[in-house]
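Labels for the chains are A, B, C and D, by order of writing; each one numbers its residues from 1.
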Amino acid sequence: MNGALLEVEDLRIDIGSGESRHNAVENISFSIDRGETFGLVGESGCGKSITALATIGLLRRPLAISGGSIRFKGQDLRSLSAREMRKLRGNRIAMIFQEPMTALNPLSPVGRQIAEMFVLHQGASWHEAERKAVEALASVQVPAPDQRVKNYPHQMSGGMRQRVMIAIALACNPDLLIADEPTTALDVTVQAEILKLMQELCDARGTAVLMISHDLGVIAKMCRRVGVMYAGHMAEERAVADLFRTPAHPYTRGLLGSLPRLGSRGAHGRKRLQEIEGVVPSIAAFPAGCRFEPRCERATAICASTQPGQTDLGNNGFVRCFHHG
Amino acid sequence: MLRFALRRLLQMIPTVIAVSLLIFVIFSIVPGSIASSMIADGRGTNDPKLVERIKQEFGLDQPVHVRFGNYAWSLAQFDLGTSFRTRQPVSSMIGERLWPTLKLAFAAMCVAIVIGLPLGFIAALKPGSLLDSLTMIGAISGLSLPQFWLGLLVMYLFALTLGWLPSFGYGDGGLRNLILPALTLGVAPLALLARTTRAAVLEVMNADFIRTARSKGMNSFRLVKWHVVRNALVLVITTLGLQFGSMMGQAVVVEKLFSWPGLGSLLIDSVGLRDIPVVQGSILVLVLCFLLVNTLVDVLYAVIDPRISHG
Amino acid sequence: MGLRFNLVIGGVLCTLIIGAAVLAPWLANYNPIMDADLMNAELPPDAQFWFGTDAQGRDVFTRILYGAQVSLTVGIGSQLINTTIGLIFGISAGYFGGWWDDLVNGLTNLMLSIPSLIFALAIMAILGPGLVSLLIALGLTNWSWTCRIARSSTLSLKSQGYVQAAKTLGYGDGRIMATQILPNLIGPVLVIATLGMGDAILAEAALSYLGLGIRPPQPSWGNMLTDARELIVIAPWAAIFPGIAIFLTVLGLNLLGDGLRDWLDPQMRTRRA
Amino acid sequence: MLKKLAIISTLSASLLAGAASFATAEEPRSGGVINFVAPYGSSFSSLDIHASAQVQDEFWAKAIHRSLYDWDANESKPVLELATDVSVSDDRLTYTYKLRQDAYFHDGKQMTADDIIYTYTRIMDPAKAYPAAQYISNIKGATEYNEGKAKEISGLKKIDDFTLEITLSDPIDPGYQFMPNYTAIYPVGAAEKEGFFTNPVGLGPYKFAEYVPGSRLSVVKNDKYYDTGKPYADKVNIMIMGDASARDVAFRNKEVDVSVLGPAQYVAYKSDPELANNIMEVAEVYTRHVGFSPDFKPFQDKRVRQAINYAIDSDLIIKRLAKDKAYRASGWLPVSSPAYDKDAKPYPYDPEKAKALLAEAGYPDGFEFELTATQNESWGLTIVEAIIPMLDKVGIKVKAKPVESSVLSEAVPGGDFQAYMWSQESGPDSLTALRCFHSKTPQASCNYTKFNNPDYDKLIEAARQAATDDEKNDLLRKANNLLQEEAPVWFFNYNKAVMAYQPWLHGVQPNSQEMAIQSYEKLWVDDTVPAR
């Protein structure tokens, strides 16, 4: 795995401090090669967004990394100063957020919000940056970009706004793009367009992508490898093809079972995991053993008391379950 | 933008009419009169003939509906009437007093903005810090002080004990006389502004677009300058405009305490002496100031927030 | 300043004041009006007169205890009136809409545009100084915020279908407003009323200073402060203690109000003006 | 007694101030700036003194204007000011004035009889209700003119430019009528001229310079003032300072040269070794009292009214609450009145006697009444608060009814009270003061307690006709004592006005009419005055 772009190892994130300290995410390990698209999938609250934020160094109190390492191009991000981290952020590692409605500053024209990237990382003057912003907007296939740069976010549709987000994220040709549910809030048709656009642009630039979604369909379309997270643990990590063919973790199976058909979503928008009984436990009430144990149909005594270790499944895949298969 | 401002100005009209009606009603049933106020200090004797003549001269012997007719008719011609006490046009009396009041209010607002705004900002940027706690305790204390008591305290401290500043009056209209009353009047809006700013900044700092901005790799200074300030201001400005109204009310107390020749002290004197045209005129002008300031705030709001003017 | 800090300190202060008011007859060693011995005027605080005596030779401590009754009556009474008016106008305006809504809206704007201290001053000038006048003056002039919040909450509840659902069950308008809408408003209204109480106590002091407050000899903190203002050089205690009493009470109410607000709804933070 | 008091206190003040300043006290120094205060309100009403009825306005009027008579503060009587000589007819109705020929208005015009006639006619303007009319209305024909029945005032006759004949409708002392600052003389036609009321012109020692409404009015020396050598100071700033605490701070801060003291400040200043040196005390001509309504049953009985006088420990209130800033009232006429009875004893404090009188009158268990009063500290609720527990001890319950001062002055003449507390002018003319209790004087005018006593009426009538001052004062003294016996009011005190002045200010006069109204031309500052 040497030479991987991003290596996350035994990442542990806690919430709170002292008495009220709880673990949110632990034992997360994965790696992404240059140009590769890696998926993280799981229900909301399972820790995938926190993991993503940790990667780009944007965790805010009361959340904090408490163990493990994140190496970007071989450099441990946790050892970087705030200033060094800022140089990477946006420039080499960029991020797209879920809500295009609120992720843009409502009081600033979109052109300026793109231009900020050039001012920040390329030392461009505002004038020059505004010009580059038009190009950037053109590259995300926004029609009449020279007019659109003057628009405020509220004057644009959701899809347009997400294109602006992509333009911002890719402005400095980053090595890694973290996309946190980039299409969840969009209409189905727009969703496909945006995904396609992202894929094209990243392929062209050789940008690796950490794709985060609760939607296995999106993951299947975009990624080569995928990690399934449940309650702060990595339940299973496989090549996408393997995962769909032979899901090893009971949770993964449930997840797949909830998909009506590969590659599309139900007519009701977000699809919930109706097939799996119960709900994700709250952070303060994580079970001592396997975190999926309370909802698992295969659970036995050992599941309740002991955390399962990684079981190698070949082809760089593994699962954490005593009763996988 | 101009049309927007005009529309807001037109919307003031019904309120102004309602206010003038209301104050006419209130002060036509108030006990006491200009005639009785003339012997209020026990000097001279009460001359019933004089009282009659006074009532005649000012039309106080006419029935209420006639008086209201006259009042409304003059108002419609932008005539605030003639003072019972001075026999000068009310408008010119108010004209003399308006500038000192506006100056005082403006200075108090400056105190509030110059100190309160940054304090609220700093507190919000380090929530939970010692500075934050101190600021917020200070702010809530500032909102809990009786104003004339505070005025008296600063008067004793800065004028008497330290001898730095004059304790009263308008002086030659310079800054030295302005400082203490402005400080006294400014404390409450300052405290409120610090709190509002802090809350607004905290709200903005938790917004999604701030996370986006962070992900761009900008430092805190640029983050605040490029993305926090304007958004927080939108939330703060509305408070500021509304605060102006209660400040106009508090100005009455502060002006009286500091012998400040403003509209507030004119109003309170005129209430005591039952110089009703001046009372009505002063209140109307205070209300107009408030409405104008709030219209200005709305326009400013529209300038800052494109969603308003475009929507 | 955490949530707990506000609630605890505010609660403790308010409890102390309420305790002082309720227990005044037992805590006080003197009668606040009749125990005036001019031979004992302007004595500094000592074991007999804990907060000293005023110009009339009355025990300042006793008068502060009884003054708490007046201040709390002013605070609570005026807010009861304000809240009732605000709720009735606000809920009905949001519920019925139409011309009534326009009228209430106009009225609220009117109330907001006249500085409330000046409005209260005008009403006091008509009614003359006194507790009842003060309750009316302060009760009639500060209901616009309650009204606005009641109206907007009613509108949002209406849009959420609560009202329609209740109507299909055959409930009358009055019953729907009382049982479906009112309970949702208790939180925010309580916060406004708590903060309003502090403002009312400050307004009482200001009106006393302008000569239109509570009628002496009944002790109120406002008139104690006003009377003692000129004693500040020779008998500062007579002015300092009532000032502190007002400050601590209003501080307590403000802290409590803040605490309540954060506890009930963190989103409300910026709404106060 | 008053004069002595005033003189003693000024004397002791200058003695205490030390020998050095005593030497300079002999020779007034010209130049410098005086910062005076106008303490009775937070504004002037206007710069037309005829239209005013407020003491506050006299502060500027006294600097700029002059009236026919002036008040001699040291002799406590009206003296000729704009005339050099006067002769009176036998019926004491017609007065012939020889006007002074050295008086010039600030605009350079010489004063003549026309100016006085113009002024008095203007004050009686039928279209206006100038408060000053109450002083002029005693001129024959003034009322007719005012009611529109005559084209001019018949009692005003110009003999020549400097001789004026005034005929009165009543044989009263014209000095008191034509002395008030409210009857100041304007140059002919001035009031009709544009700008007169923003830039008033008068005969006074100081010329108008600048007016900052609500804050201050500044006047500068009139070099052509007829009293040569005066005024001394180059400029006087009259600061409007209604708030006593603010005034206190300003005075201690040396921002103003004088301050009128309230009771609490009086104590503080007296006990301050520095401030105590320069305090002027004057017995003014106001009687503070509680008036009883004759329409309220218990008060119809003289014994009840007397009982209240016995039940209140007035001396204690004066000592402790008024801080000795008042003189105990032993009747209506104040200490400074020439008819004041030095031997009269005030009602002693005797609650037992009060109880006995109440029982006799049929109120052994007392009764309850409502006492209307304003916020005033010297004759308002502050005193009422002290009375309440005292009357409570004899069984009388008092309910205070606070009102604003303009409401009190409507309620009292209107008879809308059970009892009221007020301060009423009881001088300088003693006859005028006592006529208020004449049964012919209506309640609406000043007989607020509707006092009706035939013996009293006879004494007053006799006093009016008295040939000599001594005879008149004798009769008035008797009337005053009768009044005390009948007790239509609780006789509380006569005002002692107290003014503090800075050590560098000299020439302060003990004006018993209104101490704070000073003849500015007599004031001067020595060279220790701070730079201004």
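Throughout what follows, a contact is a pair of C-beta atoms (placed from the backbone, for glycine too) under 8 Å apart; a residue touches a chain by one contact, two chains touch by 3 or more.
It should be emphasised that the depicted structure is a prediction, and the values quoted were computed from it without experimental measurement.
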Highest contact count belongs to chain pair B-D
Could you say which chain's mean Cα position falls nearest to the mean Cα position of the entire protein shown? B
Centroid comparison with chain B (C-alpha atoms), farthest chain: A
On a C-alpha centroid basis, what's the spacing between chain A and chain B, in Å? 52
At what distance in angstrom does the C-alpha mean of chain D lie from that of chain A? 89
Based only on mean CA positions, could you tell me how far chain C sits from chain D in angstrom? 43
Could you work out how far the Cα centre of chain B sits from that of chain C, in whole Å? 21
Residues of chain D that touch at least two other chains are 245, 403-404, 407
Identify all positions of chain B at which a residue touches two or more other chains, and write them in rising order. 31, 152, 156, 256-257, 268, 272
Residues within chain C bordering two or more other chains: 125, 128, 211, 229, 232
Following the definition at the start, I'd like every touching pair of chains, please. A-B, B-C, B-D, C-D
For a test of understanding, state which residues of chain D touch chain B in their complex under the given definition. 40-43, 45-46, 48, 51-55, 127-129, 131, 133-134, 137, 146, 197, 212-216, 239-243, 245-247, 249-250, 252-253, 255, 286, 379, 403-411, 413, 422-425, 436, 442, 444-446
For the complex, which residues does chain B have touching chain C? 14-15, 18-19, 22-23, 26-27, 29-31, 128, 132-133, 136-137, 140-141, 143-149, 152, 156, 192, 196, 199-200, 202-203, 235, 238-239, 242-243, 245-250, 252-253, 256-257, 267-268, 271-272, 283, 286-287, 290-291, 294
Given the complex with chain C, which residues does chain D contribute to the contact? 244-245, 248, 262-265, 267-268, 271, 313, 316-317, 319-321, 374-375, 377, 381-382, 384-386, 388-389, 392, 400-404, 407
So in the complex, the part of chain C that touches chain D is made up of which residues? 33-36, 38-39, 41, 55-57, 125, 128-130, 211-212, 215-217, 227, 229-235
Help me check something: in the complex, which residues belonging to chain B touch chain A? 207-209, 211-219, 222, 226-227, 230-231, 234, 304-307, 310-311
